[in-house]
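Please see the structure below; I have some questions.
Labels run A, B, C and D following the written order; every chain starts at residue 1.
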Amino acid sequence: MSVSQNDHALGVPNEAELEALYQSLSNWGRWGKDDERGALNHLRPEHCKSAAALVEDGLSLSLAHDLGKQPSPENPIPADHHMLAAGDARDSSGIPGYEASRDYIGAPVHGLGVTHIDALCHMFVRGEMYNGVPASEVRSDGARRNTILSVADGIMGRGVLLDIAAQRGVPYLEANAAIGVAELEAAEERQGDRVGTGDILMVGTGRDARRREQGGVLNPADGMAGLHPECLVWLREREIALLGSDGISDPMPGVGTPNWPFPIHQIGISGMGLHLIDNLALGDLAQACSQRGRWAFLFTLGVLRVPGGTGCPVNPIALL
Amino acid sequence: MSVSQNDHALGVPNEAELEALYQSLSNWGRWGKDDERGALNHLRPEHCKSAAALVEDGLSLSLAHDLGKQPSPENPIPADHHMLAAGDARDSSGIPGYEASRDYIGAPVHGLGVTHIDALCHMFVRGEMYNGVPASEVRSDGARRNTILSVADGIMGRGVLLDIAAQRGVPYLEANAAIGVAELEAAEERQGDRVGTGDILMVGTGRDARRREQGGVLNPADGMAGLHPECLVWLREREIALLGSDGISDPMPGVGTPNWPFPIHQIGISGMGLHLIDNLALGDLAQACSQRGRWAFLFTLGVLRVPGGTGCPVNPIALL
Amino acid sequence: MSVSQNDHALGVPNEAELEALYQSLSNWGRWGKDDERGALNHLRPEHCKSAAALVEDGLSLSLAHDLGKQPSPENPIPADHHMLAAGDARDSSGIPGYEASRDYIGAPVHGLGVTHIDALCHMFVRGEMYNGVPASEVRSDGARRNTILSVADGIMGRGVLLDIAAQRGVPYLEANAAIGVAELEAAEERQGDRVGTGDILMVGTGRDARRREQGGVLNPADGMAGLHPECLVWLREREIALLGSDGISDPMPGVGTPNWPFPIHQIGISGMGLHLIDNLALGDLAQACSQRGRWAFLFTLGVLRVPGGTGCPVNPIALL
Amino acid sequence: MSVSQNDHALGVPNEAELEALYQSLSNWGRWGKDDERGALNHLRPEHCKSAAALVEDGLSLSLAHDLGKQPSPENPIPADHHMLAAGDARDSSGIPGYEASRDYIGAPVHGLGVTHIDALCHMFVRGEMYNGVPASEVRSDGARRNTILSVADGIMGRGVLLDIAAQRGVPYLEANAAIGVAELEAAEERQGDRVGTGDILMVGTGRDARRREQGGVLNPADGMAGLHPECLVWLREREIALLGSDGISDPMPGVGTPNWPFPIHQIGISGMGLHLIDNLALGDLAQACSQRGRWAFLFTLGVLRVPGGTGCPVNPIALL
């Protein structure tokens, strides 16, 4: 399958450059040697409070794709959604008069197409995760460190959508397109806002519009647009608390080198302690923001409290 | 196992009384014959907007128990949390340089102790669910109507905790204790607030304090405190949008009759279209509210978008 | 995807012919109105005893494909094989000195490519399964009738491989090829044996050789060879106890009509009470039989005792 | 819970004695440094052939307990048996005319009460499994060595039931009872047979009779009877190929020392390469054998071919 070429204007970083980024952007130790929240430390209660003030219309919007037993266009991996008792078994509880249906839901957390957040124990670089914790702390019976429980109390703050497709004036970016810093800043300017300390950044590449046009079902070979590694410097300077995208933030296929196939994941999560949310559904949000002429909102996220978990399927909700 | 007797002051309703409640409190057709949101229709965007204004401290608190592979004190049913790739398999992706951990999470949605929301297709009365939809619409390959997707865009609004244990001046209510309307209103008065149209009501019975004192692990035979069926009238009059509890809202064992073992579930969900959240963790919230002298907050909830689902394990987050 | 045409020599049966077959071949009531074993009633203890006498070399051969977490060429559906405790958690049992690994295995029973046996409750014709039992007896909390427990004590008897690829002198049959009675009898003659009462018939179409030549992974669109519906008459006359194939016994795409897309499954299972085994691995067996010049063996099969089950993943073993 | 005392006649081995057994009984290297079959090497084709000649009545008997969604008396861990499509969804395949039911079956392989075989990678002693393979070869994405695939072609041979309850003249042995060599040999003499090279030994302790008398559901705290560690020497001398029991072969609670809580598992599996089958259902077999006055039969076992698996739920079938 042919994938459109990456934007050459930005160049492809080499091994040494990525290694240097990994070293220079490291947040290890920055918030204490036992810290497990990483860049979320930028998001403080006052940011949460001021974000709540952004709610004007009381409109809530889901930023997730379906997680069902049937593959959906954006999530080809079927979840284990099994009815344990359907309507035909409504009297099966053993409790007279109690008629109920019950079901089971399960899924691979990081499954292709599953809208999910990565905990900081999800990625390793040369056997180490965020803050220098060895990979061996993620054991076959669960992770000991940097687990999803570090965000057990939710992630609430100012969400900002940077709509790169709109910025480019196209319905969607080509697969493998790499977004650079200049483009992020141009989108800021166009939208009349600037992301900063503690913000939750959503990068929109028009994936939903691409699906509408192309049809079919998500195929990794089709590729996705994402951020050029140069954005990592910018994300750290801006003190972004959390990064999400309608892709996986990294372009697919990766723009990296043999040792750095997915620099946003590798350097972002492991080096900077930056939680990522992959496979967001940003189409409705983009439209709502565009109609209102404002791209900032109260971002809310609750994760299942899975001890030892490396992430979680999620449905973040934007309040506008 | 001996369970403390129910409060006799309230009396035990008889079959005819519960049947009459079911008829008189019905919301079938109230919001259209195809409505699947039930009492959530009371919660309108302006309520959501004003709820956001309640955020003063920017404090976010989880209202859920752990959902893990080890039974926890309040959730004895182990979730299927399986590591698909731990630290020892960090190079197993097939992508050179890409070192990651991955896991799987699954659970029975309505499992005893699982913090979860009931969709309106969860309960039937004589083969019918909310709005007169036949139970046969919940099929073995998923529900067709009244599914969890009716809240796919989240539930955001004014949450109010009524702390009945504090109202009674005890650390926790006895198992099987039934809370009546007078007590709910006394708690309102004590807290200096009044719940009304579109509110999300959380009823605290001190379950966490009981666990601390008694130790051990949740056992259904131990019983739980809940609401007396007379509260259903009040819930409807007040136009409550959503009801949650640190128990299951119904007392356990039930206070009902043979045909109405769990009236809050049966009449509330099926008759009134009232979504319920069971097994909330309300201890930290109660403490935070008490310290601040205010028991209202921005309630946020996102559910996994499971087509055909009868509910969802959740982690609601309160913003104070 | 283009699929080779079906053998026209046999003709395509029409709706009325298949309906007539369904009626005339029915075994409903033949072994009592409560019978759940169907054609397995042909297999009596004396057949099992004489089959044991076929063991000459003491060679045992697996007739199943892998059931693993990685898709395999013949079984693209990954099983849920999850390590619960690997070597890194060897001391996690809580029992000092006890070092163990543990895992979980699960799979959709009838998953494409899974080597499995169909219980008689797997198929319905117009809402009825074998012996006139209504489909409603397969409830969302398990089947009540014709379950896999009807073979809980195993299926042991004379297995006979009819190697149709060898009979045709080709490595494998084309996709969608339909095998007729004349061909089955020619294979018998070539092999010097005749299948009869109580026999367990395996029909080999060279699927493994096809995979070796074509590579890749099983794709339903590629089609499979199977039996023409006319064979149903012959299977009943010969009093075959069980039918298996390296395909699914029915050609894919089906040779049937709109109401009878898979006549072997529909008429065989529902009408005749014939258990089927799909996706057998017959390559090694075919080679071993050919080398020895005998195609009969002791067939052994044990199923997991799943109450209410509609079938089971299996690994039948041939003893030669 | 009080558990009856162990038979003091045999004494309780000390740490040094068990360590010495582990060293002296080791089969590491005996069948080559890459061997993964261990004691099954004793079972050769001629044993399988002669075992087939034991089939006199053509009677087949299941040696497994149910594996279902409801806890059963001998298997309290519910399997994940989920209907994917029941009778109410018979037309849900998307293929007109094709009406089918489908389900999912899954279970923790070594779950308490699950009838299962332990692969040689299931047990470690000080971080090593059979043949000196390090525990690290059992990785979180599957085992690399000594997996269940070593018995992918089935285990077929002479099964012998030694009925210790009958030998003692009691319906069942007390929990934690330890069976010694003298008792095994007395049972042989009583039964008029002698187990030897390549035999598959089943040790019956009357667990089913105990359940019938005591009722209830299997509780690990109730204990089980098993073999005294001194039997390990005898098992090796007799060249037993496989050991199974209606318990777990080790008495529970263990008779071992802090480092050797379950010597049959630890020394048997890790040292001797002896596959074990736990939680067999031996009641019907014991009765059938007693009626016939012969306790040897053709033992047949097929396991699911799970790459990387540490064992498998099984249903061994005895042919008499």
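Simple rule for what comes next: a contact is a pair of C-beta atoms (placed from the backbone, for glycine too) under 8 Å apart; a residue touches a chain by one contact, two chains touch by 3 or more.
Just so it is clear, the model here is predicted, and its values are computed rather than measured.
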Name, by label, each chain that touches both members of the pair chain A and chain B. C, D
Inter-copy rotation, chain B to chain C, in degrees (Cα atoms; steps of 5): 180
A student comparing B-D to A-D should find more C-beta pairs in contact for B-D
Examine where the copies chain C and chain D touch and state whether the two sides share over half of their residue numbers (same) or under half (different). same
Per the C-alpha means, the centres of chain A and chain D lie apart by a whole-Å value of 47
What is the distance in Å between the mean C-alpha positions of chain C and chain D? 28
Need the CA-centroid distance for the pair chain B / chain D, whole Å please. 45
Multi-partner residues of chain A (at least 2 other chains): 69, 80, 83-84, 86-88, 104, 136, 139-141
Report the topology of the inter-chain touch graph, choosing from line, ring, star, complete and other. complete
List the residues on chain C that touch chain B in their complex, please. 69, 80, 82-84, 86-88, 104, 139-140
Name, in rising order, each residue of chain A that touches chain B in their complex. 44-50, 52-53, 55-62, 64-70, 79-81, 83-84, 86-88, 90, 95-110, 121-127, 134-143, 152-156, 256-262, 265-266, 298, 300-317, 319
